[in-house]
Every structure is written in C-alpha cells, then in structure tokens.
Amino acid sequence: MIGAYNLTVAFGAAQALRDVSFEVHPGDRIGVVGESGCGKTMLGLAMIGMTPDAAKVSGSLLLNGTEMVGASENSWQDQRARRVAMVFQEPMAALNPIKRIGDSVMEPLMVHFGLSRKQARKRALALFEEVAIPDPEARLKQFPHEVSGGQRQRVLIALALSCDPELLIADEPTTALDANVALRITDLLARLARDRTMALLFISHDLAAVARATQDMLVIYGGDIVERGSTADVLSQPKHPYTQGLLAARPSPWNVREIGGRRKRLPTIPGSVPSLANLPTGCRFAGRCPFEISRCAAQKPVEREGTICHLPEAER
Amino acid sequence: MKRLPVNFLIGTAFVGLVVGVAALSLIWTPHDHTLLNIRSKFAPASPEHWLGTDQLGRDVFSQLMTAARNSVVVALTAVFIGGGIGVSLGLLAAAIGGLVEDFVMRLADISFAFPTLLFAIMLAAVFGPSLTVAVVAIAFINIPVFARVARASANQIWTREYVYAARAAGMGRFAITRDHVLPNIAAPVIVQATIEFAIAILAEAALSYLGLGAQPPAPSWGRMLSEAQTLMYLAPQLAIYPGLCIVLAVLGFSLLGDGLRDITDPRLARER
Amino acid sequence: MGYFLLRRTISFILTLFVVSAVVFAVMNILPGDPALTILGLDATEDALAALREELSLNDPIMLRYLHWVWDALRGDFGISHSFRVPVADLVAERLPLTISLAFSGMLLTIILALALGISAAANHRMSGDWGVMFLSQLGIALPAFWLSILLVMLFAVKLRWLPPGGFPGYSEPWAAVRALILPTVALALVQSAVLARVTRSSALEVMRLDYIRTARAIGFSRQRVLWRHVLPNALIPIVTIVGLQFAALVTGTIVIENVFYLPGLGRLIFQSIANRDLPLVQALVMLFAAIVVTANFIVDLLYLVIDPRLKTRS
C-alpha cells in the first residue's frame, strides 16, 4: 500500500503541491487530472523521489510502511523500479541512443537482481510480449532510433515493469503520440494494471484517456486536490467549480451547436492559471470561480464529500 | 559595471597591464636591459633591481618589460595578418558559395595539418630562425580559424531578410558584404581574435624558447626561460618570472575572450 | 555509409598529397637555391655544383617532386646531409622513444581529462566544478615548457626523485621509465586542460537529456548513471576534439623532447635545423604532418563506429 499524507512540495514560498493526501492499493487505477503547471507532474516525481534539487518535500509518503519524505538518495534507489516505476511523457529521447533496446531492458534485471545475460534476455522477451511489441526477438537487437515513437513508449513501459513494481506512474504517456497509438497505449496500461494487480497512477490532461483507463480520479488545481472520486462520478457529476468548468469546456455537440444563426462560444474558465508564487492562500481557485464568496481567497476549504469548497453542494 | 562578467574584468585588467607595460617599455624601463654588469650577476631583488639581475648582470625587470613588447607585437601582427586573410577568405566563400566556397574552405583546412611549430620549423630551416619566421608561422595557422568563423557567421547573415531586400534592390555582393555582413560578424570575429592573441603569445613563447623566434639581443620571455633552464641550479628564480609573465598575458587574453563571448552571446553564457 | 567512407578516404589521400606538395614547395622553391642554404654563403662554386648534382637539383621541379613522393612511398627518404646516413635509419632509431612519449602522454591526458571533466559535471555548480574550471583555465594558459621546467626544479633539483632530463637508453628499463615520467606528466597536464573542459560541457549536455532521467528512474545509482550512461554518450563529441588534439600532441612532443633532452624525432628536427639539413627537415616535417592528417582521418572513421545513429544516416 502506498500513501501520501499532507504531502507538500515547495520551492521557497511557492507550493507546487499543498497538503496532498491519498492512498493507492494494489490494482487501483487512479487518474490525476489538471492543466499544465497544476502540480500533477510534481506529484508523480515526488512519488518516485525525483523532484528537482531545489524542491523541499514535506509531509509523509509511505511506501509499504517505509517513510520516504527526507529519505536519502540511496534509499530511493532501492525503491525505484522495484516498488515504484515511472514512464515519462516524451518517448523520443528517453532511451539511451547508443545502447540496443534489448540491452537497455536487460540492464536493470542484471543490476538489481543479478540475473545472467541469458536469464535477463528471456525476461526481456517476456516483457516485450507483455507490452505487445511485435517481433520481439528482432526488437531486442535494434537501436532506439530504428523504432517508432509508439514502440519506444512500449519499450519504456516494459523497462518500467521489468522489476515488477507495485506502482506504475505514467506521466502524460500519450501526449506525444498519434491519436490511435495513444489509444492503444492507454488500453495497454489499464490491462497491465489489471493483469499484474499493479497500481497505476495515470497523470494526464487528456480526459478521454483517463475515462478509459481509470476507476478513480483526482483533479488537481494549483497544487491542491480539488476533487476526488470514482472516474464515472466525477466526469458525469462534477462537484468542484473548477472540474465543472473543465468539463464544460470540452467541445461537444451541445456547446458548439448553432442557435438561431449564431454559434455559441465554447465556455472557458475566465482568467488564467496564476503562477505558483501568485496563488491565493486560501482556495486556489479564488479569482476565477463563478461561485466565489468573500472567504474563499483567504481560507483553504476543508474536504467534504470528495471535494473542497466553501459552498455547500446544493449551491454549485 | 556590475553586469559585466568577472572573466571580462579580470581579463581586461591583465591585458591592460601587459599591453601597458609593453607600451611603456618604449619610452622607459628602470634600467637599460642590455646593460651588462658581470660583477653584480645573480643579484637578489632590491630597490635598485626590482627582480634582481641575470647571469650577465642585466636587470631582470627591464628585460621582462621589453620582452612584453616583443610578445605583444608578434601576437598582434600575426593575428591581424592571419585574421585579415582568413576573414577575407571566409567572406568570399560565403558571398560566392558553391564550389568556390568548398574549394576555399578546403584550402584553408590544409593549414590544419601544419601546427604552428611544424610550419615554423620549415621556415626556419629555409630562412634561418627570426622574428619574421615566428610571425608568418603564427599567421598561417590563423587563416583557417578565421576563415571558418567568418564563413559560418557570414552564411547566417546572408539568409537574413534585409540582405534579401538589398539583393532585390540590385546591390552587389561586394557591397553587401562590406555594408551588411562585415559589421554583423564583427562580434564573433573579435571574440575569436582575442582568443587567438592568447594562443599567439603562447606560440611565440614556445618558438622563442626553442630558438626559432626573436634572436638575441632582442629579449623574449621564451628565450629568457631557455637560458634560465641551464642555470636552474644556480638561480631558480630566473626561471619563474618570465613564465609568470607568459601566464599572465595568455590568461588575460583568454579570460577577456571568454568574457567577450559571454557578453555578445548570452545564450551560451548560461551554461558554461 | 559506404559512399561516405569512400569520399572520406579520397579526401584523406588528396590531403596527404597537397600537404606533401606544400612541404616540398616550401623546402625547395622558397629558398631559391637549396644548395646555397645547405652549404652557406662561404661555399665554393665547386662544392655547390657537386651538391646540386647529388641532390638532383638541376632536374625540373615536378620531376623532383614526383621522385621524392615515389621514393617516400617505398620508404626511401633520401640521405641526411649532416648525418650522412639514410633518413629512414635515423627515423627508425628515434621513433620508438617519440612514440612511447606521445602514446603515454595521450593516454594520461585522456584519463585525466575524462576523470576531471566528468567529476566536474557531476559536481556542477559546486566546489568541485569551479575548481576544475579554474584549473583548466590555468592549464590552457600554462606553457608546457615552463611547466616542465617547474616540474624539473621541484622533482629533480629539489627532491632529486627523478632525473632532470636525458635518456639512459633501453638497457635498464626502470631507468628508462623514470626518465619518461616527468615528460609524460608535463605533456599530459597541459593537454588535459582543454580536453577536461570539453568533457565537462559535453557531459553537462548529456546529463540534461531524457534518457538520463530514465536511467535514474529505473533505480540506478548516480555513479552508475554517470560512468555507464553519461560518459559513453558524452564521448562522441569528445572524440572529434581528441582528433584535433593530435596536432597539439605533435607540437607538445617536439617541445617536451627538447626541454628534457630526449633523443627522439623532436630533437632530431632541431639538430637538423641547426645543421641546415634540408632533406632531413623535409622528411621529418612530412612525417609529422602525415601523422596529424592520418589521426584526423582515423578519428572520422571512429565516429562512424561509435555512434550507431550515423550508420543509418549517410
């Protein structure tokens, strides 16, 4: 079981993540949604101990009972790949260009588990099959630049899975890929989580992908978790004004249809995301929220029924 | 003043010192550097002789000052000549392009096969060692360096909007080169020149050390070191001063060049 | 890739020919009358005529050039005028020493530069980095011959641990090695300054790339990532610089041999200048220049081998 409790990541006075708490159990598939700069990537990095050197992490992060906040780099190295693994956004340059793909995937197996080359090769082949890489034998010998982006992402996933982690964090795994390749990768990740009873943290701003791959989701804005719940619930009945605005902004037949000769404008959330240093100290959404009342800016709301807001549900 | 990078300031200070002393030596030195006084040879530092005397009783400080002049003159002359030819070739290559460009650059590259020393050796074998040999040898290696810098920068300018406009207006290639290209490549060329000055001083010192540069009685830091080497056991300090002067001059130009580069190309300054 | 290889090889051979032409031209056309240069102004007419015959100076210039090249390709570099023995013999005699010095110098340079450069990159913005940057800046400004003198003054004069110069011959291997220690160190210290800087910036560039992040995310230690992932990739641009450094190596070897009175090819060149022995100088300069050109050619080829991305491109 992996749990974050009041996890805060700060850069001086600016907080990229504020008092974030949630738990992840084996087999959970959790989506983390938000705009660029809201802190979702930082969340992923914090869970694998790769936040930038300038970041100060506080609160509690338990990986199967071991406290990782303030842990040394060495302790993190023990946890990485074996307990927590991460797949990043850009597959293009994420593999060592002078190493054959097979060697790259075999390396952690030989280093962490002391497998021989032959054993590692067998495992690598099995992994390639698991992530549905066609013609795995041939792939092992190829170099990264010889395979397509989608294939590279699969290799990276295989690499992440090589040491059988309990949690796989996927940070925007489909953003850099073509639409149908993205779809397949999304489905692959969901299947892997189910088949391995592995937890999956799917970080993305692509709501459709999150809808497909996850059971539960977290919505992040300005470093706060503004809403959480099952994916189906959140997407169909959003409770937080930000989530509502986000979902309303998706192009759909209902909001772009012509009405009486005039096309409706796509609803957007007024204003833009303030920089980290300029976020309001209370509710982060203050200043852009259509339901804002006087205490929103100064006081951080308490979490109730899966969301944080000063107003009771009925009024939103 | 606070905005200027440290290396620029230190570089300017060192260079100013060396060039200033070299210029000063034209009109004044504490003693006549050629004055022999065997009786007071190897004298230690004193108010009379600030750094003592050498094996023939000559004042070391005055020698160092005059030698500075030598280094500066050789470096400036060689780099200007080599740079002048090199930049011209580079501009020509960029202006005409095509086969001419390839040919000119290939020609310039031949020089890379001849390190300065090797070229100086050839010339010295034929003409006998002299200051001119040193200058020509150093100039020779500067040609391809400047040709490359000039061509690369010029090629970038040739693709700019205002050059297209000038060509469309009927301006000739020579005129464009003179009015548009040349002013805009000044910055990288100057940066390169300062770095080449540093290299030139080092090269001149090496050549004089080996006896291929300035001949006696003209003093040079390199030759002072070679003489001091034979006297290592008697007067080790004589081997230290000329070396320090060389390091000061080279470091000065080198830091100055780095500083200028940081100033004129801030993109590079961030990750040095 | 085969096409690229062919073009490069042709370019290499052509460069060698052009270089040889330049050497020949400088040594034979510039002096006007080589015989006069060799014998000096006091030589008698008879002596000059005899020498001209001996060196076939009366033949047309192109013929002499072709003769020279043809002979050289068969290993005949003519007779040294001052030593009165074939140049090839002189070269063979002194080559081992020069090669030992150059080789060990280059080896030490590479080791020092890589170690310092990578460590500096790993300690970016911390004391280790600034230290290496400062030292390398100093190393670039330091004349090799001055450093040699300082090393000799410290280790030979003051401490008396090592000989101040000279070479005792190969009969006593330990003495021979001792004689080469200071020269090798002097050569390497100065050269590694430049290479360390290049290594550092190349390593820093690589460290910013995505695959290094992948390696960290997969639980590899910082050490492993640095030496097994950063370094091999950082080497690619460094290899080019090493090639360029051969010119400096040649220069450095010649200078160091003269500083330490080592009887190698470098000292031979100087003796030949003093003796105005043009045929010898010509042969030696050609030899050194050919080494520089060949080294650059080999480096270009090495590039193809190291970087798998190039194999599929050109």
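The letters A, B and C name the chains in turn, as written, and every chain counts its residues from 1.
Going forward, a residue touches a chain if its C-beta (ideal position, glycine included) is under 8 Å from a C-beta of that chain, and two chains touch if they have at least 3 such contacts.
Just so it is clear, the model here is predicted, and its values are computed rather than measured.
S.K.: Using the contact definition stated above, find the chains touching both subunit A and subunit B.
M.R.: Correct list: C.
S.K.: Just to be sure I understand: the centre of a chain is the mean of its C-alpha atoms, right? Then which chain's centre is nearest the mean of all of them?
M.R.: C
S.K.: Which chains, taken as a pair, are joined by the highest number of C-beta contacts?
M.R.: Per-pair contact counts point to B-C as the maximum.
S.K.: Measuring between mean CA coordinates, which chain is farthest from subunit B?
M.R.: The chain farthest from subunit B, judged by C-alpha centres, is A.
S.K.: Need the CA-centroid distance for the pair subunit A / subunit C, whole Å please.
M.R.: Centres of subunit A and subunit C (C-alpha means) sit 54 Å apart.
S.K.: From the C-alpha centre of subunit B to that of subunit C, how far is it in Å?
M.R.: 22
S.K.: Please output the residues of subunit C touching subunit B within their complex, sorted ascending.
M.R.: My answer: residues 15, 18-19, 22-23, 26-27, 30-31, 37, 133, 137-138, 140-146, 149-150, 152-153, 157, 164, 201, 204, 244, 247-248, 250-251, 254-255, 258-259, 269-270, 272-273, 276-278, 281, 285, 288-289, 292-293, 296.
S.K.: Within their complex, state which residues of subunit A touch subunit C.
M.R.: 48, 50, 73-74, 77-82, 85-86, 88, 90, 92-98, 107-108, 111-112, 143, 145-146, 156, 159-160, 162-163
S.K.: In the complex of these two chains, what residues of subunit C are touching subunit A?
M.R.: Subunit C reaches subunit A through residues 209-211, 213-222, 224, 229, 232-233, 236, 306-309, 312.
S.K.: Taking the complex as given, what residues does subunit B use to touch subunit C?
M.R.: 109-110, 112-118, 121-127, 129, 198, 202, 205-206, 209-212, 222, 225-226, 228-229, 232-233, 236, 239-240, 242-243, 246-247, 250-251, 254-255, 271-272
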